[in-house]
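Following are the structures in question.
In the two assemblies presented below, chain A is common to both, partnered first by chain B and then by chain C.
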Partner chain A sequence: MSTGLEKRTTQVEVTEDDLEALLGDRVLGRDDHLNAPGFVIRPDDVQDVLADLRDEAGFDHLSCLTAQQYPDRYESIYHLKKYADPTQEVSVVVPTSTDDPVSQSAEPVFRTADWHEREAFDLVGIDYEGHPDPRRILLPETWQGHPLSDGYDQEKPQIVTLSEHANPIQPDHHDEESDTMFLNIGPHHPATHGVLHVKTVLDGETVVDIDPDIGYLHRCEEQMCQQGTYRHQIMPYPDRWDYVSAGLLNEWAYARAAEDLADIEVPEYAQIIRTMGAELCRIASHMLALGTFALDVYGDFTAVFQYAFRDREVVQDILEDLTGQRLMFNYFRLGGVAWDLPEPRDEFIAKTRDFLDELPAKVDEYNDMITSNEIFQIRCHNTGVLEPEEVKDYGCTGPVARGSGVDYDLRRDDPYGYYENLEWDVVTEDGCDNYARVLVRMQEVEESAKIIEQCLDLLEDWPEDDREVQANVPRTLKPDADTEVYRAVEGAKGELGIYIRSDGTDKPGRFKIRSPCFHNLSALEVMSEGEYIPDLVASLGSLDIVLGEVDR
Partner chain B sequence: MVSGVTLPLQGDTVLLPERIGELTGLDQFGVGGELLATFLAAFIVGNIMLAMTGVAGPWAKRKITAAFTDRIAVNRLGPAGLLIIVADSVRLLSKELIIPEDADRPAYDLAPLVIASSALLGFAVIPMGSGIHLADPEVGLAFVFAVAGIASIGLVMAGYASANKYSMLGGLRAVAQNVAYEIPLVVTGMSVVIFAGSLQMSTIVDAQAQTLVSLGGLDIPAWYALVNPFAFVLFLVANFAEVGRNPFDTPEAPTEIVAGYQTEYSSVYFVLIYLGEFIHIFLGGAIIATIFLGGPAGPGPAELGIVWFIIKIWGVFFLTQWLRSAVPRVRIDQLIEIGWKGLLVLSFANLVITAVIVGLIA
Partner chain C sequence: MSSNNPRQSIHDSTAPSTDTRDSRIGEGPDDRFNSKLREAFGASPFILTKFDQFMNWVRGNSMFMLQFGIACCSIEMIHTYAIKHDLDRFGAGVPRASPRQADVMIVPGTIVSKFGPRMKRVYDQMPEPKFVVGMGSCTISGGPFQEGYNVVKGAEEIIPVDIHVPGCPPRPEALIYGVAKLQERIRNGESSPVVVKPYELEQFGDLPKDELVQKLASEIDEEDLVMRYNWADSP
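Take a look at the complex of A and B:
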């Protein structure tokens, strides 16, 4: 553990000039974003440039890939960061022609580009040359057209047929000694935490190959956000991405991006309420993660699951008092929050304090029942191992990354809200296994409680005439045309990023969601291949994915 | 027979069919009458077990689990929700029976029957007290293990015949598990036989009626759980694996392989399998009660034997539900490892040591 306020940046800041020198004449031009310098490169230089940025300049985190179509070109934007210091960012912009949108695949450099480029192909229609697996990812295989490209006919009904599932490696194993079995885990299965379909190939009880098939819960969230106005119509959507109680954390992701885009200041008082609400959501979300992981390992709706839900219920009640809702909060506004703490204030604060006071005893109970249980330990130690290098390769963040010893938490490393003024720690564990991820989540619950405690102290003593919950924001927001920003917050599952390009109207020109679960789930293959089915199920549980956020 | 032991609870040779024969006068009709009396007796015993299962499945299981997990469970129908038993029966029996197209028919249909009946058969030789004892063959204990083992065949049939990959995995797991745990179970049971000197159930029960020690006028009986607690624990563990309960419920493993061998069973077939599982738990409890806990022995008059016996069985059932609520499931490879490398070795060690000690004392 390290202290929250301590930056542990040892890397020297790389200036824009350094980058320009590094990339040399591969840079065709500049296309700066609000958050980072943007370098325009040729489509066949992608691997070269990304490899140089990673190896020479230390940009080891491919945070997101945004694809979009302009009237005269397609564009792929690779948003790069550093795990050591996420405030150092760079965007690599790759334009391709409208007639023949072919760009080099970044998959050989960053493994996580695999799924991202499939999505870009699926929704926008850019082809990535050299991609190992150029299939659609969210939409069915037989879908016609690319929904986020220009000229796509939304009205046209489509009937999609599915081909029979085949064992992808049957030929390799179909000899006399060995035999494999293809097994569909999901879309309806007790352990998939939503509608996930894992195409699994088994050799006996051992997992040989998995291929997560996502998209069952794809609800066009990006497009719906592109059709809403900045001021009010977008904010309800984030609640529906990670819909299992992490609502305020998601809202903050949009709020942060949009506030940077439109240059809105948030009053300090509102920041404290936001911070408190977000941490309450984190506790609720981690409780759920703990309960469902126990469900996967214990095998039934057992005591641990019910206890976790009992305690989460208290948090839900507090959030209901604060926001008026239990799941779909819609509480944040651009420039602040919807309203102040509920009256009577003292009662709300006392109720929240009661919860915090009881929490340590509950955490002890969980430790008794889960982490110190020998059977739980033999089930979780050294299963679902995810090495730190793989974490970075797959762009994993949140408790998954911290459970593998990658000390990365945007609340501290890229401060927002009120976090930098509070005393708390970032929790990391070096176990790299399912057990370490459970430990991280349990300790983060305690850290969140610390943050809430301090927020309550501040809110209690805040002078009554200075309780400004919202800045003065114009009724209609029209950011300057072609302003681009990519901003991320630390959601319950990891780095939740939003890319917005404004087109001069009151609605975003492009709205891209970087979902932490999307990245974390893509790492499931390295965690589970070669292990047993029960470990596959446990690993999936320990990733704590929410399909609403994976599929968007 | 152990000499010098009075038989306070067990009419020496009077078994239930004989008693019924006497009471109804059926014994005057020769073999036919005896057969009918036996059927009547079996009917009574079978119904006791089914009634217990009926209470346990829809009601007690829910109530016990709820108590462990901070909930209330069924409380709407009847006192303490007891009438849920009726509602559940109607519900389960009125469900549509869906049979997979590719199911291997005779095997698919037979499996639920085999699973349910094999467990019921075991009760034929269990002395339940109050004179409820169907048969008392000299190989009683061996008989119980043998018929309980038949259930494995039912599990394999169910797993294979359902034409479902999850069922197949569950069936294979069930076999691997039963093979691995049957041996420690039987070997540990053997150590009791060494004490009692007989496989006959009534003899084993009678032998436990002796006084182990007297503490201030209170006679502690020589129940084998007290004589050899180590064997008792071994047997308990092996028994949980044998009946497929937590932490050894890998053949069903809901979060991993959906429901294992019973994935494709619905309606009455599902009820039969479910019933079979509960009767197996009760049979396990009955075996434990008989060979380790003095059978129907308990304070009060001998007529209360059946009450004590049922309390002991329910004690074991309660334990299974406790474990279900609190203990994680082991992985299939760990399960096999615990069976072959742990329990098997310990059970043989227990057998040898018991034999040596008993030999020395004798």
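Take a look at the complex of A and C:
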């Protein structure tokens, strides 16, 4: 089998020596991670170093920012990658002192650092000098203390206000000079796909300014993972990040990071099952995105929405047969999967094949009803435009990036699982608008179907005595202290990354989740400012955010 | 056969005497209201019931749900409304986007500190009588996130809950069962017990002036509504 997956652009590899030469004496030391070389720099060199790495060495993707506290220092780690080749990574480590944790903001270099640094301030308590908007982001404004810093007392009482919940009908937010109106959308609103609050300033029907207010579903996922043991206690949580049936994709993110950390080899057979399950999840997730988008854009609760859920039911049935659960699968284990395909195998394979056989007709039906619908086209074409440069600036990934022509898919570019041995294509569209993003998702469903088909062929013919579903993994995992790894997989919404630092015990010292929805949502401002308010709703729908993953 | 006797052209049987024409002109007591229905109801051709019992019956069979998605459970809740499970079959499946039009609030997911006051407000906006179905473990105790620094340990800390549906998430069948149980209770006129609600919205100025309140006094207006979370007292 050949892969048939060739990236359009090729880039010269930057070696560590090049990077050292580039950064020169700004490097205070090295702090290498398992995935990338790490350079320690001074807190006032951040913008300088990141700008150089971006412009001179081509690291144009600020994938993640991890903040954490050690006994003697705070540390911000900027995980940089290249959109052209995400296997080239570099970590920029910025230590700051415990009594005065001030670090320079990276926001002028990467726009996406804005939200990340707000989160780091909120949860860990590092101040970023020069940050344009240093507010809390996940916790309420009136919160006391920084929960992921040392010595935080969880028992302390807290007071949360309802003041943001102003009545939008009253003219109390009327700015008389510019004659604009302030409008709260959410946190309880049918178009926000959960509990998102968008503070919107309108001039007539035009959106002048928006400020997505998140954190209404911040349920301490990172803390929960830091309290669990590697082997079994963490795996149930990823299901609940992106809960739109994308569970296996999320579990894979944790599995990949932890397997790299503990050096576990996954049997080939298990990789195929993982690949198949993950793609089934992707189909279910994209179906939901499609159905709710139709609901958002032209209120189609009857046809498209119900059809999409009908098809999701079929996928969920298959996944239930495989994993035993409809939504929260908890099926992956470190080193493989929980169990083999259900018996009788033939029945399961036949059932899955039936679904795949029916899928093309269904996709045609969706195309008839959605993408070739004139109303839909008018609503989506040229609305919510997101240029490729903005995609990179905001760190957008997944269908959002691919809908803007950024050819970036970790399944191909940073191969894991069994993807590199299968025949499939990465879908990109150059439209940059809401319409392009829908097209990408619909075509990705077909690509996923191709992958599942090939996996089924392989699984069907796999010799019976070689069906190893789990590697031999020690009961208690204790990776070496101070090993750090950042690994990402292609989730349903984009690059889902996990940073783990081990502290020598059987629980992670720091567990950081890089959520694709968090980045995608931060780009909403460029997509909707200056547009009409109905287009804001359409843009929000086409980003396909899941608040569980935005807030974590 | 004349059109005065339509029934006899359909059925052969004439018992009990449904021939109203005969009964009208016939001798003896006037039994023109005799019918199968009357046989079923006994001596009186009317249904006698208490008005509130009737209202309870109506209420239980026509419930407008609040379209209220919080977290993972809302996905299963949508599936309950959608094809295959179709909650509407049970007279309880019209999701309303506005709390002003809703009778039942299904709380589908984890409630965190920032969302607590908003949920309380949404609940307060629903017209009486209102009912709450707590869906999933998070609304019972905080579920898998119970130990989180930001997670309210169950919906009942903030609003009264009539029916708890356990599961993480509950299957759609389980939610249907929960809703059916709620309908049964409503039909029988059973009201849910009044529960103690530890977390209430209060004006900031009314809170006891402890250290935290004094610290926040410069940020929060006296009249602002706030909710005070006493995490140490949580179960």
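Before moving on, here are some points about what is shown:
The rule is short, and it goes like this: the second predicted complex is superposed on the first by the 527 of 552 C-alpha atoms of A that agree within 3 Å, B and C clash if a C-alpha of one lies under 4 Å from a C-alpha of the other, contacts with A are read in each partner's own complex, and residues count from 1 in each chain.
Just so we're on the same page, a contact is a pair of C-beta atoms (placed from the backbone, for glycine too) under 8 Å apart; a residue touches a chain by one contact, two chains touch by 3 or more.
The structure presented is a predicted model; accordingly, all values stated were derived computationally and were not measured.
In the superposed model, A:R326 lies in contact with chain C only, and not with chain B.
In the superposition on chain A, contact is made by A:Y298 with chain B only, not with chain C.
Contacts of A:F376 after superposition on the shared chain: chain B is touched, whereas chain C is not. Once the two complexes are laid over each other on the shared chain, residue contacts for A:P187 go to chain C alone; chain B is not touched. In the superposition on chain A, A:R240 makes contact with chain C only, not with chain B. Of the two partner chains, chain C is the only one touched by A:R219; chain B is not.
In the superposition on chain A, A:R312 makes contact with chain C only, while chain B stays out of contact range.
In the superposed model, C is the one of chain B and chain C that contacts more residues of chain A.
Contacts of A:Q227 after superposition: chain C is touched, whereas chain B is not reached. By the document's definition of touching, neither partner reaches A:W252: not chain B, not chain C.
Once both structures are placed on chain A, chain A residues 189-190, 305-307, 310 are touched by chain B and, in the other complex, by chain C. Residues of chain A touching chain B in their complex: 181, 183, 189-191, 205, 294-303, 305-307, 310, 369, 373, 375-376, 378-379, 532-535, 537. Remark: chain A residues 139-144, 147, 152, 154-163, 165, 187-190, 193-195, 215-221, 223-224, 227, 236-237, 240, 243-245, 288, 305-307, 309-310, 312-313, 316, 326-328, 547-548 touch chain C in the complex. Of all residues in chain C, only 67-72, 74-76, 78-79, 82-84, 97, 99, 109-110, 112-119, 121-122, 138, 144-145, 147-151, 168-169, 171, 201, 204, 207, 212-213, 215-216, 219-221, 224-232 touch chain A in the complex they form. By the touch rule above, chain B contacts chain A in their complex via residues 68-71, 165-166, 169, 246-247, 249-250, 253-258, 324-334.
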